[in-house]
């Protein structure tokens, strides 16, 4: 797979250098330059929110560092978790004296490193809590929902928790809001073409010229089925049905919808999918409060899309609408 | 009979070379179950660790802390992180020591096992690298010198691989399709077995 | 090439349906539903700005319909110009009593249809002017720069002219601003993988597994050279050199930079490119006032990127910074 | 000898069928120079135009206006737009007429030429569809009946193709690499020649 890149080992650092050069509100820090913090962080008297994970998912994670969202990120190699030392520095960058929420996707490496980092900073008197994004319904059965991987829906948890922190909530309250957002969030992805990790000899997975995979994860984790490419409407219907079968009925009254490109898939296709999803929700009497359609959490040049639903109440809806400003998401005041 | 940090540094360099040689094989094993990066992870982790102690400090506390910090900066993958955590735990436990003897080996493997279980959240029997370390710990317990260790460790490792092959994986990515993992070696277990094999080889 | 779509003939209409469902400020109108206007247009007493062209370039053109940008668009099939009737309706949708600027890319079909539409509305007493985007330096020699095709740089002309119109400028003034922006704008693209028009049997062009093409147009128009894929830094250097060789020295003091994905190319790669472009501009003492890095004008799932420079003076810089709000670009007030 | 709109509608249906049959060939010719859509464009334009006058109004003004509006809605490509503009120009010129005679044909071709030059901005000799229409206009000027027209038009068309083949394209996408266009037929010219050939064929 062809990419516009230089040496594979320089990929992440050059990307971060360009990202921060293009977005002056992002500051690159940390011993290895793998920590990105908001230029205004830490904000005194505000609960901090730290996130992070492997590279290759832009705008996630770094693109959501900003006012009313997250304060800092620890970044690993492509598709590999961040190092402990970077997690420690990212937490410190977010600490404004009221503690830090660690809010990131549920992956083994990420968890081990953020957990150890949490213990290390605790010794220095920084209080931390953890909420894990685990919205990918294809990655574990409903009974094991805590084992699910975190995918695109994480950004809605950033938004809700970020707004609460910005409004002055304390660490427990910010943590409660993040957990509530995660609990009401469901995502499913489908893939058409793979991506390739810089330096790897082969794409992350292979998929036949006329095939697609339903439920595939953002690193190419196997999904629910692999079959001949179906029309967009069928794909949209199945994704929506699977999400609604998983989301408790009580959270199906009003939703925010996120139709996300995995990378190569065009806005054209996303809108064709959204059109059908909207019709399906309308038919079921579910109110779409606000749709987000675009590139929010990608896997480099992977083709496909993910659909996320979050069932909101007045509190969550207000937090999601609250002002925010980061390189890839801006709500107006 | 005991080793100073100079000897241990040489061992690490040796393991780093083995990891580099076995990279593709391990990536392939992981590709069947996970994201195909176990080989790359271990190559990077051991290379960084070995490099960090190329001029080894005499104290094992400093020695392992340095190796652990370097390993931890090299990767955030599950296995890579676990290896780094083990080095860091060694650094705490062996601070002040300048020599390690054969009698320490089983205890070190025990500490590795505990650290990995505590950090990774798996349990024994989940078919992970930890089951492999536990089996080798068992085989080396009470050993009085280093001489027979590679051979004994290898025997235990191969028996353990055979033992677990027919069982399903219960953690990490492989858990999601445990059925398909039956009949396959866990890449983390395989990595340890291959290292034992290559360490034992010249001795045969 | 696999896509998430239904019947090829429904592609454009379903895309527009989803687009407008997701963005309530966009209203779909016109006899065939191929006109998109801002919900607040026409604005009484404001000069209108109309654009349009073929589909397949989202966010261009429809994504820039909004306050401080363009008022309406006429949309054709994928890569084919809009029909005369739709151009007429789009012009009428933009007319607020002070005339309408027709601002679109220089392509034969688009021009013929917008020209005829201009004559038809003139009969109804609507005054119109035309400015054509012609920023693609690979599409004609400098002596024939008026024959060049319009590509990604068009959005900066939208922004400048849109701000002028919003500030109450008259038609001649808005036209002058648009022409000034176009005159100071240069773009070059390079492609790695092709895209496929829905319903076509083959991709729009073919390109070897290790090749790239410098200067390729947004429909796959042949470029300057086709060679083995080069490292990102070499590609960035050549693109920048070619643009600077073409842009008059007088406009090289301060620039806005646009690094645009042609579709499949990831943000990672765009930032790697931007990093190098920024270094090249710094080295030459050229000030980057603001960079835009992302998906602005695509060719569906084509892989590659384009680089645009616009040499600004205080007037243009202020207009580009002025408040604006459309689905895909928002400057804060 | 003259035709009513019913006869002309039948001719349009015939041309639409020819355009559909020749689609791939024309796309291919355009693919060498442009974006490969000339065939698709013409298929859609003529299909829409023919469909719009399937129940033809008697007045040629209405007839051509309807065909033109339908053609214009079918495509915004260069050639498609030019064809639509020609129909619309016919609609203005022939309003009030219910019959067209052989003597009108050259004048119609002349109006098509003028319309295309005015709208498209090309000049004669640029190697476009307009040069082809001009050559046929020349060949049919003064003809008294329809009978010999297809054959005469075809002869002129083939001579014109041969004539222009060695010359470079000077408008549209092909202009950008005029050198490569030498030796190739312009797709717009080729389209008219193929229509003449297929219209003439049964008469042979």
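We call the chains A, B, C and D, going by the order they appear; numbering starts again at 1 in every chain.
As a convention for this text, a contact is a pair of C-beta atoms (placed from the backbone, for glycine too) under 8 Å apart; a residue touches a chain by one contact, two chains touch by 3 or more.
Since we're looking at a predicted model, the values are computed, not measured.
Trainee: Please remove chain A from consideration and report which sets of chains remain connected through touching.
Mentor: B | C, D
Trainee: How many angstrom lie between the centres of chain A and chain C, each centre taken as the mean Cα position?
Mentor: 30
Trainee: Provide the C-alpha centroid distance between chain C and chain D, rounded to the nearest whole angstrom.
Mentor: 32
Trainee: For chain A versus chain D, what separation do you get between their C-alpha means, in angstrom?
Mentor: Using C-alpha averages as centres, the distance is 55 Å.
Trainee: Could you work out how far the Cα centre of chain B sits from that of chain D, in whole Å?
Mentor: 77
Trainee: When you check chain D against every other chain, which residues touch at least two of them?
Mentor: Within chain D, no residue touches at least two other chains.
Trainee: Taking touching chains as linked, do they make an open path (line), a single closed cycle (ring), a hub with spokes (star), an all-linked set (complete), or other?
Mentor: It is a line, because the chains touch in a row without closing up.
Trainee: Which residues of chain A touch chain B once you look at their complex with the stated criterion?
Mentor: 31-32, 54, 76-77, 79-86, 108-113, 115-116, 139-140, 147, 197, 200, 204, 219-222
Trainee: Using the touch definition up top, name the residues of chain D that touch chain C in the complex.
Mentor: By the definition above, chain D touches chain C via 35-37, 41, 69, 72-78, 80-82, 84-85, 119-121, 171-173, 175-177.
Trainee: With touch defined as at the start, can you tell me which chain C residues reach chain A in the complex?
Mentor: Listed in rising order, the residues of chain C that touch chain A are 2-6, 11, 14-19, 21-22, 55-56, 58-59, 63, 192-193, 209-210, 212, 229, 231-233, 235, 263-276, 278, 291, 293, 295, 298, 300-301, 303-305, 325, 330, 332.
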